[in-house]
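Input: one structure, supplied below.
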Amino acid sequence: MERMPKWADVILTPLISLVLAFAISALVILAIGESPTEALKVMVEGALGSSYGWGFTLYYATNFIFTGLAVTVAYHAGLFNIGGEGQAAMGGLGVALVLLAVPWPHWALALPAAMVGAAVFGALWALIPAWLQAKRGSHIVITTIMFNFIAAALLNYVLVNLLRPVGSMDPASARFPEAAHLPKLTDMALAFGMQWGKNTPANVTFFVAVIACLLVWLLIWRSRLGYEIRAFGKSERGAVYAGISPVRITVIAMLISGALAGLMAINNVMGEAERLVLNAVEGAGFIGIAVALMGRNHPFGVLLAALLFGFLYQGGGELALWTSVPRELIVVIQALVILFTGALDNMVRMPLERIFMALRKGRA
Amino acid sequence: DPALIFDLGGKFDKSFNEAAFNGAEKWKAETGGSYKELEMQSEAQREQALRRLAETGANPIVMTGFAFGEVLNQIAPDYPDTKFVIIDMVVEQPNVQSVVFTEEQGSYLAGVMAAKASKSGTVGFIGGMDIPLIHKFECGYAQGFKAANPEGKVIINYTGTTPAAWNDPVKGGELVKAQISQGADVIYAAAGGTGIGVLQAAADANILSIGVDSNQNHLHPGKILTSMVKGVDNSVYDAFKAGTEVQPGIKVMDLASGGVSVALDDNNKPLITEDMTAAVDAATKGITGGEIKVHDYMTDNTCPVQ
Amino acid sequence: MTARPEAVNGAPAIELRGISKAFGPVQANKNIDLIVPRGTIHGIIGENGAGKSTLMSILYGFYRPDAGEILIGGGPITIHDSQTAIRAGIGMVFQHFKLVQNFTVLENVILGAEDGRLLRPSLARARGELKRLASEYELQVDPDAMIEDLSVGHQQRVEILKALYRQADILILDEPTGVLTPAEADHLFRILRGLRDEGKTIILITHKLREIMEITDNVSVMRRGEMVASVKTSETSPSQLAELMVGRKVLLRVEKAPATPGAPVLEVRGLRMVDAAGVERLRGIDLDIRAGEVLGIAGVAGNGQSQLLEILGGYPEKGARLEGEIRLKGAALPLTGSDARARREAGVGHVPEDRQVEGLIMDFSAWENVAFGYHDAPEFQNGWLMNQAAIRADASAKIERFDVRPPNPELAAKNFSGGNQQKIVVAREVERNPDLLLIGQPTRGVDIGAIEFIHKRIIALRDAGKAVLLVSVELDEILALSDRIAVMFDGRIMGERLPDQATTADLGCLMAGVEPGTPPEQAIPPAMGPAGVA
Amino acid sequence: MDFPTILQILDSAVRLMTPLLLACLAGLYSERAGVFDIGLEGKMLMAAFAAAAVAYATNSAWLGLCAGIMGALAMSAIHGLAAITFRGNQLISGVAINFLASGLTVLLGQKIFGLAGRTPALAGPARFSEITLPFAEALRPVPVIGPIYAELISGHTILVYVAFAMVPLTWWVLYRTRFGLRLRAVGENPASVDTAGVSVTRLRYGAVAICGVLCGIAGAYLATGISAGFVKEMTAGRGFIALAALIFAKWRPWAALGATFLFGLLEALANRFPNLDLGIITVPSMFMSALPYILTVIILAGFVGRAIPPRAGGEPYVKER
């Protein structure tokens, strides 16, 4: 018998956790001498109040969908991938190499190629930690953390010494060819005769991300590989008994995870910056952890949570742009969301369970 | 109203952005006018911030940092009636003024002074993140030093390769100690927040240091030899003052125009010898007169002296 | 130890009144009363999950009761935690030992009962005390040995020593003999009798009616969280107890025709295995199983049976070195580089020893578990994806045939009772009609009704001409099902017997590693377990 | 390399390893008690900020140290609440703490000092100054030993000596005291401790609290010992290196000393030889600065693959499901 209904587990608990996280965030805002309601107003207006705000919110959300899915896939295999940051950065390198190597005639051709580049580089960056975990038992949390640092150094070297156009100050690659620029959502809306989100970075990658959610859902809950990933994630001994190779699943799950994180580069590198800049990931890899936790490691939940974090990011950015609240407020809110939905969720769950048990007894 | 956009470092970085802020404040104090200001929060916001300001009618819009270059190049044509000023980068658009500094020249002077102040004949350079712009400082410094002391040695360190390299005073301090142990007795820091640690550690160890961007002499009076000052404040001030009349084109802030200089004030007066003053004056003359060519690292990614 | 309540004259050592305890929705103990007189050995029996361990853990302060009252020596006492219980003179040896594996015996003994802030004096005193206890009660262990290097029997001694070191007056033992050889169990009983004669009170939880009859003075029976009876052992009989336990008459003689063995299905020759830690687990195993026969492997847990099953099942422990030969239906099987999946394809079914850790994914639904291990069977595929409809249909059919309750394939495995979990595993493996069925501890933690059912299915498979390798620590089960019995000890087959010729004493000697022919010193009375109850 | 250079590099290594050592021992207490902690970075950062802020306000490094310890303890309390009381995921809690510290320090710093997360520079008694040990100058002329004593051993801040003293102390506490015995037991098998009548919760909170104290000292050292004030993100990944060192040391105090020394030495070497010239190729500075991370991975892969963490580590102690 379950202690509480499924909906309470998957919806009510995270919702209450979220409310708690926001309540504390409000206290923090109060503590730094600002008004939480004013802050909320600026955030909502800036992020959701106009198609313009949405254009940014969706752009950020797209990043977070990819990194959130990356954490999700690894999580189902019982692996905690903290390396999304480095994998996404390497994905950016893959995108840049693909787009700069070939004079792409049209974005529709460039996009799949760039996706392959992004996925392959992201996956390769996850491969070594995965292999070390599977073969040598090196804790993947530690190795992926280290690989984030190594990726930063490597990318820096490549940008400064190899990809930077001569004479440019910027540790950044050359611009990608004009033809390889992805259509923005604005342009797509215009094609339907709509004025929407002018000059915002949201682009066609958003739809790729939504499709990725669907594919990950199919992978995890409908495919044989997903079955094996979940079985392995729940019980390694069980998986071995069933003839599922831990090495194979660890490596494959991390490759998929890394590829998903890498794919984020389609959005920020190809879709927005249209060249590779240093630190293009800007912490999205870590936010993926919060997104996956909030989304209860379900692709649909990840989609919703990514939108929430997209809102937080854009709203928080607006807040920092137009008021004197530092942008670190978003970091604090993000920390609180991770804390309450991820680490402290029993604080909400235990009393809830008690309430539901009491209700059930009352009815019986 | 004019507007000012700070780069990711933030406006109180004690150097580059802060200098821009000071320029704006100076204008405000003098004219009693008001201006809009923005601090960048993320890469994707650059375009957003620029467009938003342009659309609210701000003019001119001044931005600090080369990272705006790409974006500005894209959007400037969309707002032909707005004047933009970008610092540290060249953007060729009819409504953009590009302000660039010849940091290599200022650093050259710093190098000359270091050579004169050094007793050991060995001096140090500590850069923040390992990027070309900082190599430009390094290379100018090394050229100036070698010109004054061909036998001398420059020890070069960078704090790191990630943006965290701008914020690691601990490592900055350690690098100072490492350089001191190799004989350095004057150390030039071009390293943002890390530089604070460099200046501190140098002061603690009783050796001289050289600040950067803003005049940092006051941080440790009597212990900072000089600061390689970029006239960022002046260029912001000038731009604000010119208002909509800002002249498009490239504005090179060089030694001759006073765009770069080495700071001399009461704080470092006791440290400046006559010999030093003479050498700096000579070098200044040489550079402004064209007899001394200071190589710019950025043009070919190499430095003639090692 | 001055906090011990004053004994009221003639009062029972322990009295429990109206104890209730719920774990979430599970009511583990319901309004339980129990009286244990001083200086007696009190047995508690009951099916798995009846709540025996829970009740004792409450007495020991490990769990807190939801309601009820505890009296020790006639005085009411509130047991907040184990510390209170220990002060009240209660010691407990848990079903799963609570020892720190990489501590020495001495460190384990003093843990929580140190004399002061520094260890040295405590260790010195404990060393002396252990020596005394060892000679007084025949409880010899090396005080400096690491727990992980000790046999289970010795680990249990350490647990008992821990209790005695804390000067326990009341000693609770939760299923102490499950892991012991008959000889070791006998030794334990001698110790317990000695302790009782000294005036200590002992509570003994066991599933083995034979032990209850042999050693206890009184016995209480639990069923589904309730105390259904408390009687004097001398006034009851095994069959009555069995009936009380399950609430109906049990008939557990497995009806089977004589075996008609056919061609050999499994031949094992000289199988050796050295595990990753360098310990030799199997030291040359030779086995034959023919079609249509059940080979039972008896032995105390931990003598290599698990390794044998894993190797035959295709998944030897990581890093193990293997040697020898395995033939299935005449074809040699690779020792390494193969996996459980390949074994299944070759016609090997496997009911693993631990259903919760290996046989099932506890968070998966029943239907997902019914496909577990066979999830890549062609009939379960639908192009790139799994054919969930087919798997569900298959699961529903098996659940119905095996009478899994509740018959709801959507329920997660963890929400089924132990017996029903086992039925799901057995259904999955048996219904595939494997040529060779490996089955480990088929009825561990399974209630008597389900035991009957599972036993019948095993015999049916045998009668269908399949080979069965049965591993069980329950001698009675081995005796009831096997056509031949092999006894394993320390990675070797000590000997083979036919079930109708084997005596428990004989098997017991083999299980203890005593070579056949050595006169059995301790004759053990014939089996009186469930299988012997007519 | 000549002798003085070696001495100077070692001296630098000692300074650089100090925060690593303190954080590593902090992690050791926590993880030996079964509570994994990837939040060392955040605790140190919080401590560094609190220490710098209070040292500035009171002009006392000691009060700063106290504040630093309080700051880290506050983070520890959150971790304890999540990991012990509410049986949450310890890794996730650690991640959250790192973010929380990273955001809060800047938020509070900006609110209080308005310097974008920096604190004003500390001077005089607001910093721990370097101590010259007795006879350092007198012994200096003695060959070999003299310079070692005067350069390497003498002339560090008190916190460096505290850190080194923590190693034998930790060993003694762990293996010679009742508390240590219980601590190790609770990380291996909490049920054994519980059934022995000792509170698992209390012990684990105790360990997490000690972890906080040590992280507090580490943070205070960063802000008021080795440098003069707080700069945002000034821990710069040292918490993670400490974590790697802890694994490398297989959760043992003396080995922790060795591991953190190795990493300190690596950093000191990278500082000294930024572009390592190998004759044929010159290793770029980026790789030198990434070397500790690369090495950690190599070490993790090669030598400590078999390092067995405390058996109950990372698992909340759940008695009743």
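Letters A, B, C and D mark the chains in the order given here, with residues in each chain numbered from 1 onward.
Here is the rule we go by: a residue touches a chain if its C-beta (ideal position, glycine included) is under 8 Å from a C-beta of that chain, and two chains touch if they have at least 3 such contacts.
Here's who's who by UniProt: A, D = ABC transporter permease; C = ATP-binding cassette domain-containing protein.
Since the model is a prediction, treat every value here as computed from it, not as a measurement.
Per-pair tallies of C-beta contacts place A-D first. Each chain gets one centre point, the mean of its Cα atoms, and the points for subunit A and subunit B are 36 Å apart. If each chain is reduced to the centroid of its CA atoms, subunit A and subunit C end up 47 Å from each other. The mean-CA centres of subunit C and subunit D are about 46 angstrom from one another, to the nearest whole unit.
Put simply, the C-alpha centre of subunit A and that of subunit D have 30 angstrom between them. Counting partner chains per residue, subunit B has residues 130, 161 touching two or more of them.
Within subunit D, residues 116-117, 237, 286, 289-290 each touch two or more of the remaining chains. Of all residues in subunit A, those touching 2 or more other chains are 149, 152-153, 156-157, 160, listed in ascending order.
Contacting chain pairs in the structure are A-B, A-C, A-D, B-D, C-D. Against subunit D, the residues of subunit B that register as touching in their complex are 10-14, 130, 156-161, 164, 167-175, 177-178, 181-182, 193-194, 196-197, 200-201, 204, 219.
Chain contact summary for the complex, subunit C toward subunit D: residues 23-24, 60-63, 81-86, 92, 94, 98-103, 107-108, 110-114, 116-120, 122, 162.
The residues of subunit D lying in touch with subunit A in their complex are 38, 78, 81-83, 86-93, 95-100, 102-104, 106-108, 110-111, 116-117, 237, 240, 243-244, 247, 284, 286-287, 289-290, 293-294, 296-297, 300-302, 304-306.
Residues 1-3, 218, 222-224, 227-228, 230-231, 234-235, 237-238, 240-245, 353, 357, 360 of subunit A are the ones that touch subunit C when the two sit in their complex. Interface residues of subunit A, counted against subunit B in their complex, comprise 56, 59-60, 149, 152-153, 156-157, 160, 164, 166-172, 175, 199-201, 268, 272-273, 275, 277-280, 282, 313, 316-317, 320-321, 327.
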